[in-house]
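Consider the two complexes below, in which subunit A is the common component and subunit B and subunit C are the respective partners.
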Partner chain A sequence: MAGKTIVVTSGKGGVGKTTTVANIGTALAKRKYSVVMIDADIGLRNLDVVMGLENRIVYNLVDIIEGKCRKQQAMIRDRKFANLFIIPAAQTREKTAVKPEQMKELCAELASEFDYIFIDCPAGIEQGFKNAIAGAETAVVVTTPEVSAIRDADRVIGLLEADSLKDIHLIINRLNHRMVKKGDMMSTEDIISLLAVPLLGVVPESDEVVVSTNRGTPLALDRGSKAGLAFQQIAARLNGDNVPLDTAQKVTLVDRVKRFIWS
Partner chain B sequence: MLKAIRRFFGEKASSQVARQRMQVVLMHDRMDIAPDIMEAVKNDIIKVLSRYMELDSQSIRVDLEQGKNYTALISNVQIKRVYRHSMST
Partner chain C sequence: MDSHDGKTEAGNLGDAPPLQIKANRQGFTLVPAPTAPFEALVGYLEKRFSESRDFFRRAEMTLDLRERPLRTDEIALLHRLLVDRGQVRLVEVKLGEDLALVMDRPSERQPFVPRVSPRPRPDHAALVIHNTCRSGMRVVSDTDCVVLGDVNPGAEVIAVGNVIVFGNLRGVAHAGAGGDRSARIWALSIEPSQLRIADLVAVPPRGGKPAAKRYEIAEIQDNLIEVITLKG
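Right after this comes the complex of A and B.
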């Protein structure tokens, strides 16, 4: 088996990297693929709480790297899917505890056992970022429709390309269609034209995301949720399925009139 | 409604402002030209042109301009006079 290794990164913190990893990973596991998600944010681990697995941690990523345990001992099985695992980050260590070559080696090993390996990248562009991207062949850049997130995303895309990681995809998170319509938020088209990276999907801003992280159950399992559906579609596209992008937020004449009157 | 009136009188939507600002910022980030490099470029332009003409060195400006499909370096120089023969410097 030659699994796909995918790093989820953004540069800026708080744009939804961990949520994205948790949801795409879960959506793919639901489709019967074997998935492992590595939390590469050493010192600030969060993937475990988002997945609701914080009580089961014994060993972590650094323990595997340092040979204190076997890979299987540090992998935590999901509560719902037997084919979904996380490797938690160490909480009391520093990013320098891992080297890029070691991550490369670990990812290569995991790729022989799993269909998908996701790496949840820490914010920033320093050592933690370099570790996270070392073993990946595909990068998913998450941004929000804000100037700070877009600027950082552009910087990260430049660094990924400089590191000869050319398979780069974009996810726009927390898009507020109502604000876009009113002209108060950059649209999907605006962001794509700025960043010039193929779009994997758009996740609408949603209260449900907060609720699902509160509970530690990824939204991708929820059929009625728009954000959950967006994550499922993103997972499908990542898997090579042909799911059309419904980015066409067509601004009709009625919208224009409404915008003029109500704005 | 106030905003609608302002829009009517030509105020741009904030999304448009953001997009235009980002176009400029990203271009600078991508080109990765530090201010001191731009200053050096400017000085070199002055040096070359000075062989052929007398310039108002205070007035010279060097800017990067982003068009839809291009990035241009635009330099604006005021010429005081042109020499008959090039001055070897």
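Right after this comes the complex of A and C.
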């Protein structure tokens, strides 16, 4: 069966696309699926850094497209999982080095060899975006609960729908439950009522993400992390498993004790 | 070759345009340079109008001839040129410090109206959009426009007739884009970034979360855009 090609996009920069790709890819690889992650952010690559594989880059995406190397030469195997690969972007080239048709061709070839192909889309809606969505059949839009990110996500969803990419899912990243309760941050319901696409999952705000990025070990491997767990559940839902969404906020032991004292 | 009141022209005298177009709150003032030949004035005007036709359309202009007197036939030619080619309203010609020729009654300032056919055709069916208008989407209709869905912030719906939204209006809606002030905007809930009817613009009051499911109409009352809520 051909693999699924999924593009992770957002419009706005810095909302967590690369982190999402790294974590979902890792989570699926942990479950023994064969996964390749393509960094389509030519010129500003960071998927390699987040995965801790930046020292192993010899060839990159543009080299494959230009025929300077075979696909296998550019694919870098992950340190922990033998079934997880990344194809890094070129740092010294620009987005115009690749055309949408070429991306489509590459993704079609990879679909016969892998279960999952993830494309880490660059920010924006120009050439880089068009390249990234060309080969994909599914899109995961990442947004944070702030007006500017949601405005951009809405625009991107409109562009995806216009490009006939109708299988669109949403991830709300960096949700701070305390702020939502206080009314300082938009809630999940507010966001979905505006964007109107099915919710794949909510990832809570977490300091651990920065630490894991610096170390190059995705959070999905950390059992104790709430954000890591959220990514694992998202990966499971993407795979078709029935993992119910966490609508009520998990109350911790400390909160329970506080309520008892103050009631 | 110098001006009488000592005004200096920016840049090289040889490069200065034969006619300065100055903008102020009432409209534009054309000031021909004191020594510019008449043909240069005409040529310059024609060039400006062909380059930026829409910008000057329906603008009100004053011709300031205090520094550079013109003969009456030259004034008439310029007048025809302004009205026919530029679709400008020449309101006044200043002949001297205290002497001015009033050509047309100046009206209230008319702000720029977007490029939509100004002929409303009530016999034509409305344009119906069958999905939500997402950010960045622009819909233009020369009759009414019905949106079966929301209009998200960043989207624009422009109609010469009415705008009807079967959902939340959160973007920009412009009804009566051709100048029809009796046009209305209807929506299940109006929480727009901007409302425009004909030549009036309204911005919603800041703050406050809007109430749940209601039915609202925006129309012009007393020269202002008012929003009326009808509970469903």
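Just a few scattered comments:
Convention: the second predicted complex is superposed on the first by the 247 of 263 C-alpha atoms of A that agree within 3 Å, B and C clash if a C-alpha of one lies under 4 Å from a C-alpha of the other, contacts with A are read in each partner's own complex, and residues count from 1 in each chain.
FYI, a residue touches a chain if its C-beta (ideal position, glycine included) is under 8 Å from a C-beta of that chain, and two chains touch if they have at least 3 such contacts.
Fair warning: this is a prediction, and the values are worked out from it, not measured in the lab.
Aligning the two structures on subunit A places subunit B and subunit C in clashing positions.
Of the two partner chains placed by the overlay, subunit B and subunit C both lie in contact with A:155. For subunit A, the partner that touches more of its residues is B, with subunit B and subunit C as the two candidates. Using the contact criterion defined above for the overlaid structures, shared-chain residue A:194 touches subunit B and also reaches subunit C.
Of the two partner chains placed around the shared chain by superposition, neither subunit B nor subunit C is touched by A:202.
By the touch criterion defined above, A:64 reaches neither subunit B nor subunit C. After superposition on chain A, the subunit C segment that clashes with subunit B is 149-157; the remaining candidates among 5-13, 77-85 or 149-157 show no clashing C-alpha atoms. The interface of subunit A with subunit B overlaps its interface with subunit C at residues 151, 154-155, 158, 194. The residues of subunit C lying in touch with subunit A in their complex are 132, 134-137, 150, 152-154, 170. Remark: subunit A residues 147, 150-151, 154-155, 158, 180, 182-187, 190, 193-195, 260-263 touch subunit B in the complex. Across the complex, subunit A is touched by residues 1, 3-4, 7-8, 13-16, 18-19, 21-23, 25-26, 29-30 of subunit B.
Remark: subunit A residues 151-152, 154-155, 157-159, 161, 194, 196 touch subunit C in the complex.
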